[in-house]
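Next come two complexes built around chain A: one with chain B, the other with chain C.
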Partner chain A sequence: MRTPDVKALVSAVGVLVVVAAAALVWHNLPTPTDLYGPFEVRGRAGEAVQGRAISATVTSVRIAPRVNSVQAAGNWVVIDTTLEAIRSTELPRADLVAGPNTYAASDRFSLDTLGDEISPGIAQRGSWVFDVAPALVEAGSSAPLLLRIWAGSDILDSRLVIDIPADDPRIARTEDVDLAERTESAR
Partner chain B sequence: MMRISARWQRNLIGVVVVACVVAAYTVIDFGPSWSAYRNTQTPQLVVPAGESGTADGQTWRLESIRHQNRSPYSFGPPLPDGTVLTVIVVDWSGTPLPGLCTAVLTDGERRWDAERVGGFSPIPTEGMKSLCDAPGRIQFGFVLPSDAVPTALDVTHDDEITVRLLL
Partner chain C sequence: MDPQPGTQTAATRRPSRVGQWLAQRRVSQWWKAGLAAVLAIAALFGGLDRVDNTATPFAPGEEFSDGQFLLTVDRARLVEELRGGGRVVGRETPGRSYLGVVATLRNDGTTPGRLRNELDLRGVPDDMFYGVFRLRDGSPIPALGPGLTEELVFAWQVPAGALRQGSAITIRVWKKSLKQLMVTYGGKEWLDSLTDYGVTELVVGAPSP
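Take a look at the complex of A and B:
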């Protein structure tokens, strides 16, 4: 009877382990959003939340069917925010996560709303406006709102994620909101 | 003295060859991007205050700098509270450079982009222009917090700092 070739056996097992490990890695590769996605900086409404490029404070939230007498498809969510750039002039962007949905900021009132460039040392106060499905923001809804703000492209950069709980006292519900003009001032 | 076996000699040569190939690939593939990034951090030319500087056939000189605490226009919004408008004129001679040209004012820590068309920059006078797409006398306007002390003006092309003019 032949004795088993131990060296060959070890080689075969080694190859099997390497191939199995490669297959495991191949089926668990990170997605592009894992590789290039933003770094979230979390905070809550009412507090200053600061990332690499910008700082933001949500001061109040107003929910209404009309803004400046313009009817929403759903309900308008107006989020009053103070923004400031940290080190260089930046172009802020925002979206709103409400329940399972993500909403881009409306450009219906773009002359008055946030979204223009911000500069270091000069605070910009204004509002983001979102048109949101009524069921997600009606009184008694438990879905929290998440305002996400970033500068330019959020690839491999920080993104502010500001939690606005459904029962936050800063949330007010009215029939019509008059948007205030965007203002700037140095601290 | 211990001798390396022929097999390990071959392995060593293989490792060195692979390392060289990987290094060459890295330099060729990432070199231009790294260089472009470095140029966004380090100026290609630094011109001391009150002097002119030349590099690659381009000559740069900071002609004037002035500060004003009100908008140059009788219409439109006033300057934001607590800010000043800094207007800088740069004299550039030479040939046009490729890329999107703009200017950034810095205090060493913070950086402010030049006002865009329609911003607070005054309307340029005769012989002066507000865009740095080509050589000439170019006027840049910046809105800064009144307590900011700028130290240098960077002229950039595609975000790469072409010249740093110290104030």
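Take a look at the complex of A and C:
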């Protein structure tokens, strides 16, 4: 009886295992956000939430179809916030998660809204403004709002995630919101 | 003469199945095995996935979904100066005209959708994309939030004389799919298909049908 060529068999099986393993890894590669994503620092509206670079406090939320008489495509969500840098001057960024959707801050009122540099020891008060699908913010909606704030790039850095429950008493609904100018004051 | 011990071993070793298969065929036929191996490995890495290669025509005023946006392309206008919301959005430029295409878009995704390359103007030489503006007030709009609908003007600068009232233009809308970014940093993004698109023709200056 002929003996099998063990060496050739091992080589063939080895090649098969390596190719199959490579394909398996290829289909399950870690995503860039798995590797370099931000570290979430969670908090609630009304309390100061502090990450590595920024501290933020949501003071009130206003929902209206118009801001400064400008009509929204959906509804405007104006989130009044106090920001402060922790150690160095930072450029804050924010988005809003409403139900399944994520919204970027509107640039329609950029001269009045938050988004400019903030510095340590100086509290900046102002608003983030988002244009959100009406069904997600109408009265009686149970969709929670999450305001996410980070500094510059959020790669391997902390990101504040501030929960604003749908029944939070800080939420007010009006027909028109007049944006107040950003203000700064020393702590 | 007695056979060498090593020769005896080689003579009694049973060839593998692959070896038998190869031995039964001419060398010129071995490419079949190579091709099968290449196809099998390509399939493991997605190389045999289906590729769409279709152009879907749609008429002006007809809804078309590219996966991310549901859109209706309404009309096209050729103007020397771009105005919106009672102000000048694009100044008159010697040797250039503005082509504005009015379209209504609804973002059916869950993240903001960038608008810059949503409409692909074809066949106009030396055209230059100028911007996207809200029709209702002429304000620029870089992205449309999820669940929102806006009537928009996509504007290009084109050489004066390249188009006239009554000229036909072709607009492509590339279909999109939501894919996880793997090379650049980020989560899932809507990426254009390389081959599959919707296409419509508009008559410049004509009212929408």
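In this section, the second predicted complex is superposed on the first by the 158 of 187 C-alpha atoms of A that agree within 3 Å, B and C clash if a C-alpha of one lies under 4 Å from a C-alpha of the other, contacts with A are read in each partner's own complex, and residues count from 1 in each chain.
Following the convention adopted for this analysis, a residue touches a chain if its C-beta (ideal position, glycine included) is under 8 Å from a C-beta of that chain, and two chains touch if they have at least 3 such contacts.
Keep in mind the model is a prediction, meaning the values are calculated, not measured.
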item: Broader residue contact with chain A after superposition on the shared chain, chain B or chain C; value: C
item: Contacts of A:S69 with chain B and chain C, given as first, second, both or neither; value: neither
item: Touched partner set for A:N28, first chain B, second chain C, both or neither; value: neither
item: Chain B versus chain C as contact partner of A:I155, first or second or both or neither; value: second
item: First (chain B), second (chain C), both or neither touched by A:S142; value: neither
item: Contacts of A:T183 with chain B and chain C, given as first, second, both or neither; value: first
item: First (chain B), second (chain C), both or neither touched by A:G121; value: first
item: First (chain B), second (chain C), both or neither touched by A:R87; value: first
item: Interface residues of chain A shared between complexes with chain B and chain C; value: none
item: Residue ranges of chain B touching chain A (in the complex, touch as defined); value: 80-83, 104, 109-113, 143-148
item: Residue ranges of chain A touching chain C (in the complex, touch as defined); value: 2-5, 8-9, 12, 19-20, 22-23, 26-27, 29, 31-33, 36, 70-71, 73-74, 100-104, 107-108, 130-133, 135-136, 155
item: Residues of chain C touching chain A in the complex; value: 12-16, 18-19, 41, 44-46, 110-112, 136-137, 139, 142-150, 180-182, 184-187
item: Residues on chain A engaged by chain B in the complex (per definition of touch); value: 87-89, 117, 119-122, 183-187
